[in-house]
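Per-chain residue numbering starts at 1, and chain names A, B, C, D, E and F are given in the order in which the chains are listed.
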């Protein structure tokens, strides 16, 4: 029998109800469709259950992510079986109950789907044989319970309750994950089997305290242990079937399940005792006391649940085998009576329209049958003899007496236990007395209440019957299950214990009596207690939690806004500061090797350098006078070009010069729409910060440059010099590198140019810009748009420039020049036509859309590159040959030329696409102005 | 002829430039020729009014005269610049134009700017007057006459008649 | 190197340099914009001309063949330099820049 | 002789460039600065040509030619901006 | 010669060029071209991955010039994986954008294709300067795409994005200058060899070169304190573009991994800047988680999630072990696809809410609420790292391989903050709805694209082992730079 | 000579950095331009300085051609980027009414 299928069934089943709902199935059919898979699973459980009762552990594993240690391994031992039965059994009852609970206009399909998801997750938790798988299902229970609690999402309380539950249990889940990973580290495997067998190893590990704390965090949050209990009462915003399910048999039980599961692994140390017992005791008392003061029926049950979970936790904490068995037993008992109580509460809510116990009174008269059921269940909760709660509580009292870990303080445990019992009796009494007696109902929304539909009571009846059966005949009903579950928990032999109603007169019985009597007494003092309680400041965990979260979110927003303050200046400063830091830390004057001889400095270079420095500084200082700044930048560009001339880089000089012209045109175009001056707006502090950054980075880069220039190095450049002519067919090595050796760079680079042009075109489309109506000194613009001299000179200049372009282009392969520079010259010549004669004039004479030019250029370059494929060479492999033409003589034909033509066209197309469209902007503006 | 060579002068200029750039060889001669034909044709639309060259020798003479003027006047201007600026007698002069062709006017304006001591500052909208700024002017009439005689007349003869 | 050629080249260089400098001095010291406009457009053209002449001579002699490429620089400069002067003059007039008080005639409104 | 003339030539032209820079700095008006820049371009041509002589190579001739051919376009653009604001209309 | 290697660059390149040629703005034709190209990339990428998975490192010598002289493309498992991831992300993103968003500005499809070209080029190239070029290709295209559409917020974010990246490009050039100036080469493999032989001043400069590269790549990857541009840029970008951008930060991560794996795993500069990256990554993780919590718009939240994933990844990478890198790569695949899907989802939600858009305030429920809510739930679970989806697997893998308490704390704590943030967001958007919004139906192709991306989360969980094995294998290969160097410098394929 | 070039680079990078940190798009554009100059020179000098050794085959000693090719590429890319930034600045002006880099409409319409 495949356990994986068993776990899978509810998940599969989750698909059915929405499907049925879509098919407009009646409510009963919907419920049946939901119940189908869990019922099947329950039936399938019978087989393996038999094996378990024979003392075997059924295991089953599928591989999933072995590298992570995550396998789909399942095991069914006694403990798992017990929980599987609870999960499936109570789950089925809840489905039946929900059939009647949910009103016709609610999305029952979705509800069942969520419920089944949750059921599957829960089933997964209890049957996992792999620690990671366990965590996986564990988190799934949090997630699906989030959906269930928030089912009535239109209610604020439901949303907040769901979020709170998710946050708290999610946090626990993360801690558990960390704990489990550490266990895996210690054990060397995530197999539960191995981990259970490695208890000693784990306890001896250095990591043990950390593991324990992390795992307990997971457990305590899940099973609502103090101080993480606060989410549970707010989860009551869920529909009652959900509460009945989550808070009796499943969700919160996952925590205590894990206590049981990990018991062999982690228990037995003093640390375990201290942490678990303390938390359990605190929870037990706090929950019990708080339950008494709840006026909300479900609130009372919620706190009682917390209290009982504390009880179970406390038992596990005691570190004795008997206590662990008692804990397991109480898990069963609590599941039965608490589920039935929630259902009863739901019925009452359903029939009266309220859950406020101050209004619900005297229901005995109206719904006696339900009253009986509820009273029996409450009695079980209170630990009244002949009911199941009594048995486990007895064992609990007995175990608290056994512990001696606290030494002289050991009496605290039984005292606390008794006190918890007192409160437990008191609130149980309240549940019975307040609701069913205590006069007449007060102002009920629905009046008169009556018994619920027949089948709505069935689940309650079954559960109550179980309470009684176990309470009266424990040996027959539950002992077998308890035995296998207990032994599975302990991971070995069971201690000797007796499940019987009568153990003779002993201290635990005395404690029970005290609890009963005391509880009744406390209940009779309730009015006084309530008034005392009301004087206490009201604490609404929901508000506090939500407030905290909101405050946190606000703080997060604030912190985010502080860092990400929307100021480019600060972002850039961060970036540059990082660079400055790198330079300050790692750059030292020692970087200067000085292995290379220096070149002599001549006066021309010195003065030119000084010019550059002055011009750059002018730009920085006078940048607010924008036109001046543009001109000083031009000077910088000019000197840089001259530097290239001086330092043996003719190609660069040519490129720099022509780019310079285009850039100035660009800036002048932009200036028409931008303010002419920049306002003074940086404070002294900011200016000094920026100056500091500039000095550090500028100085650092300069120092590095000097260090580099003055040291020798080995380079690959010799290869280029040697192979340019024989391999690339050109003598201008720079050009051969550009179109051949590193033609791919160039291909990328012209693509950049093309994309920039496209992007600019896109940016300029339907751009609304206000152009200046007058110049910076406030004068209206001159009338003469197209000065005669300029227009006339520009005409012959076009063919001349084209001629030069051809010249520069053709010689590029062998001498400085090439496609780029030629392209830029052509662009400038064409732009001059624009400047001289205007966009409209030019566009009457040539097509104005340069997209195809860019495209053709890029395609030409690309296709040239592709061409080499046909000769079996990689992309961009060049070929060249010398052709002898009659008359003309030797003529070199190189595929690189074709590539360079692509470059040329792209440059022309892109430059014009950018600038001509920028020029058109004002045209739009004029038309707008004229209209 | 005019369809193939709309601007013979331009074509010549292009061809010569090509040869200047590349040095003379048969191959470049041919290539230059091709360019000299193709480029003007390609840029034909940008030149709506074709200036007609009437007298080539006169053009050559004109060019030589201008060059001579540039050299001589440069010395004069250098002295003016290095001397005391107070002595300068700057003036704006309006030169009535006889030329009507745009190209010719532009050429005149350029010539005036190129030759020392004068800069053509503007052409009136009706293209009848040229505004000239002179660095140091004795007599307005003399300057106008000199320009007209030395530059405008030859240009008129070269391009118009 | 032939003494005569070297002399001529040197002379051309010096002439070019001097005129370039004179033009720039004019630009630097003349009192108003319209006057300054004369400096560069005149002297600098000859300044460049001188160096170009030097270059022509030098390379022609060096290669033992007429090297006239540099003429193109002069050609282009002669075509373009007046345009920039013209345009700048128009800009100055548009801005109504101060001119020396004793300037005769008036600039045109733009 | 050339060995003396060349440095002097360089010196004269660099001096000219510095004077241009002075004018660019001084202004006082925008056309002044533009003019200074234009002059710088022209002087740069002279510098490049001289450099060609000095290094006995013609590799840099194109740079000079380029300035002569298209350098004025930026000046024109600046001038046009000053008169019309919109340089391409 | 294996021409397929260059196909991931050339296919989108040619598609982009053809799109440029199409001047009549026939949108259907443009969409078709773009989609065909994006579709074609997938089998190509799969084919390449299968080739690389064989274990050989394939080298494509552009122009038939051998490394280190020419530029080479190198296909190893890591680069093949990244290319495959890109192609898987691109198609849904493009489908989504092709519904209507592509008409909100010019040249969308061409920019999109060229962006893909740039990304693939950056992944494949084996040359540092070529990497710079492809960075510029992908950046300039991303500028165009980020600004696609209109609106002041987009432009403002765009200016920040562009300026910072321009500074970044300048820094990259400085680094490249240092690289060449000290080792005399640009080929990554050759650089890796030569950098090991440096000493003295050259070594010092090479160290700075490496650190500057980290800064530049960190800017692309959006590490603290360099991520500030990202939330606004991504949140304001068109949905399909934002989805594609999910891979952009990973380019930075990849670049660091690539250079580090080749040059700085051992030798005199072993572990260069690793400590700093580690600290910055953790800070990124934490601050981004806080950002998720504090986000006021869903798009912004997802953008912060992207940053968070970067912190997670960088920390994993800077831990330095091949195992951690393998886990990191798995997480990278997961976070890229899921974040991409969430960007689309955010847009779907915004569309259904009218003027409110994706602001996290109560408003009308978006059209198709329950479906969107389910998707959101799924995506949130995945991205936070809750089971049973890919995020959980990725986190577990990272936690297992990076046994640092600090990392655990930050990763798990960050997950918790994200959980709180996302549950608030989801409950505000889908639960606190004040009545149903406009009755417009969800656009099916858009929904399909979103689902396609988000389905990565379950898919990566179900077939997690295969993926993890693949990433671990890629990391193992990555950790042996000798293989790469041998393949590139030893004659090539 | 080396020191001079190093100083040039330092000043260009320094002024570029300073301007990039200004609050208006225009100085930022200038800053990027200056920064590019400086950085291009930096890459250029990574091939070391050489006088009169243009990398043309057959003309005697030649300097390292590779950095020159790289810088050429960088110049063109830099131009493309600058152009984009300029137009983006215009777009910013158009959409936010100010040329502040953060689009803060502090003085919308100021001209």
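A few points about this structure:
Convention: a residue touches a chain if its C-beta (ideal position, glycine included) is under 8 Å from a C-beta of that chain, and two chains touch if they have at least 3 such contacts.
Only a predicted model underlies this, so the values are computations on that prediction, with no experimental measurement involved.
Common partners of chain A and chain C, by the touch rule above, are B, D.
The chain with its Cα centroid farthest from the Cα centroid of chain E is B.
Greatest Cα centroid separation from chain A: this falls to B.
Central chain assignment: E. Criterion: smallest distance from chain C-alpha mean to the mean of all protein C-alpha atoms. Centre-to-centre, using mean CA coordinates, chain D is 48 Å away from chain E. Annotation: 57 Å between the Cα-based centres of chain C and chain E. In terms of their C-alpha centroids, the spacing between chain A and chain F amounts to 40 Å. Remark: chain B and chain E have CA centroids separated by 62 Å (rounded to whole angstrom).
Counting partner chains per residue, chain A shows two or more touched chains at residues 566, 568, 572, 576, 630, 646, 650, 701, 704, 708, 713, 715-717, 720, 741-742, 745, 749, 752, 755-756, 759, 763, 772, 775, 782-784, 787, 789-790, 793, 796-797, 800, 804, 815-816, 918.
Across the assembly, chain F contributes residues 16, 20, 25, 28, 39-40, 42, 45-47, 52, 54, 56, 66, 70, 73, 77, 80-81, 84, 88-89, 91, 95, 101-102 that each touch 2 or more other chains. Multi-chain contact residues of chain D, defined as those touching 2 or more other chains: 10-11, 17, 30, 34, 36, 59, 65, 69, 71, 76, 78, 80, 82-83. Across the assembly, chains come into contact as A-B, A-C, A-D, A-E, A-F, B-C, C-D, D-F, E-F.
In the complex of the two chains, the chain A residues touching chain C come out as 775, 777, 779, 782-784, 787, 789-790, 793, 796-797, 800. Interface residues of chain A, counted against chain F in their complex, comprise 566-569, 572-573, 576, 596, 598-602, 605-606, 609, 612-613, 616-617, 619-620, 623-624, 626, 629-630, 633, 636-637, 640, 643-644, 646-652, 655-656, 659, 662-663, 666-667, 670, 673-675, 678-679, 681-682, 686, 690-691, 693-695, 697-699, 701-706, 708-710, 713, 715-717, 720-721, 724-725, 731-734, 737-738, 741-742, 745-746, 749-750, 752-753, 755-757, 759-760, 763-764, 767-770, 772, 814-816, 820, 907, 910, 914, 918, 921. On the chain F side of its complex with chain E, the touching residues are 16, 20, 25, 28, 32, 35-36, 39-40, 42-43, 45-47, 66-67, 70, 73-74, 77-78, 80-81, 84-85, 88-89, 91-92, 95-96, 101-103. Contacts from chain C toward chain A in the complex involve residues 76, 79-80, 82-83, 86-87, 90, 94-96, 110. Interface of chain A with chain D (complex): residues 603-604, 607-608, 611, 614-615, 618, 627-628, 630-632, 634-635, 638, 641-642, 645-646, 650, 653-654, 657-658, 660-661, 664-665, 668-669, 671-672, 771-772, 774-775, 781-782, 784-785, 790, 797, 800-801, 804, 808, 815-817, 821, 825, 828-829, 831-832, 834-835, 838-839, 915-916, 918-920, 922-923, 926.
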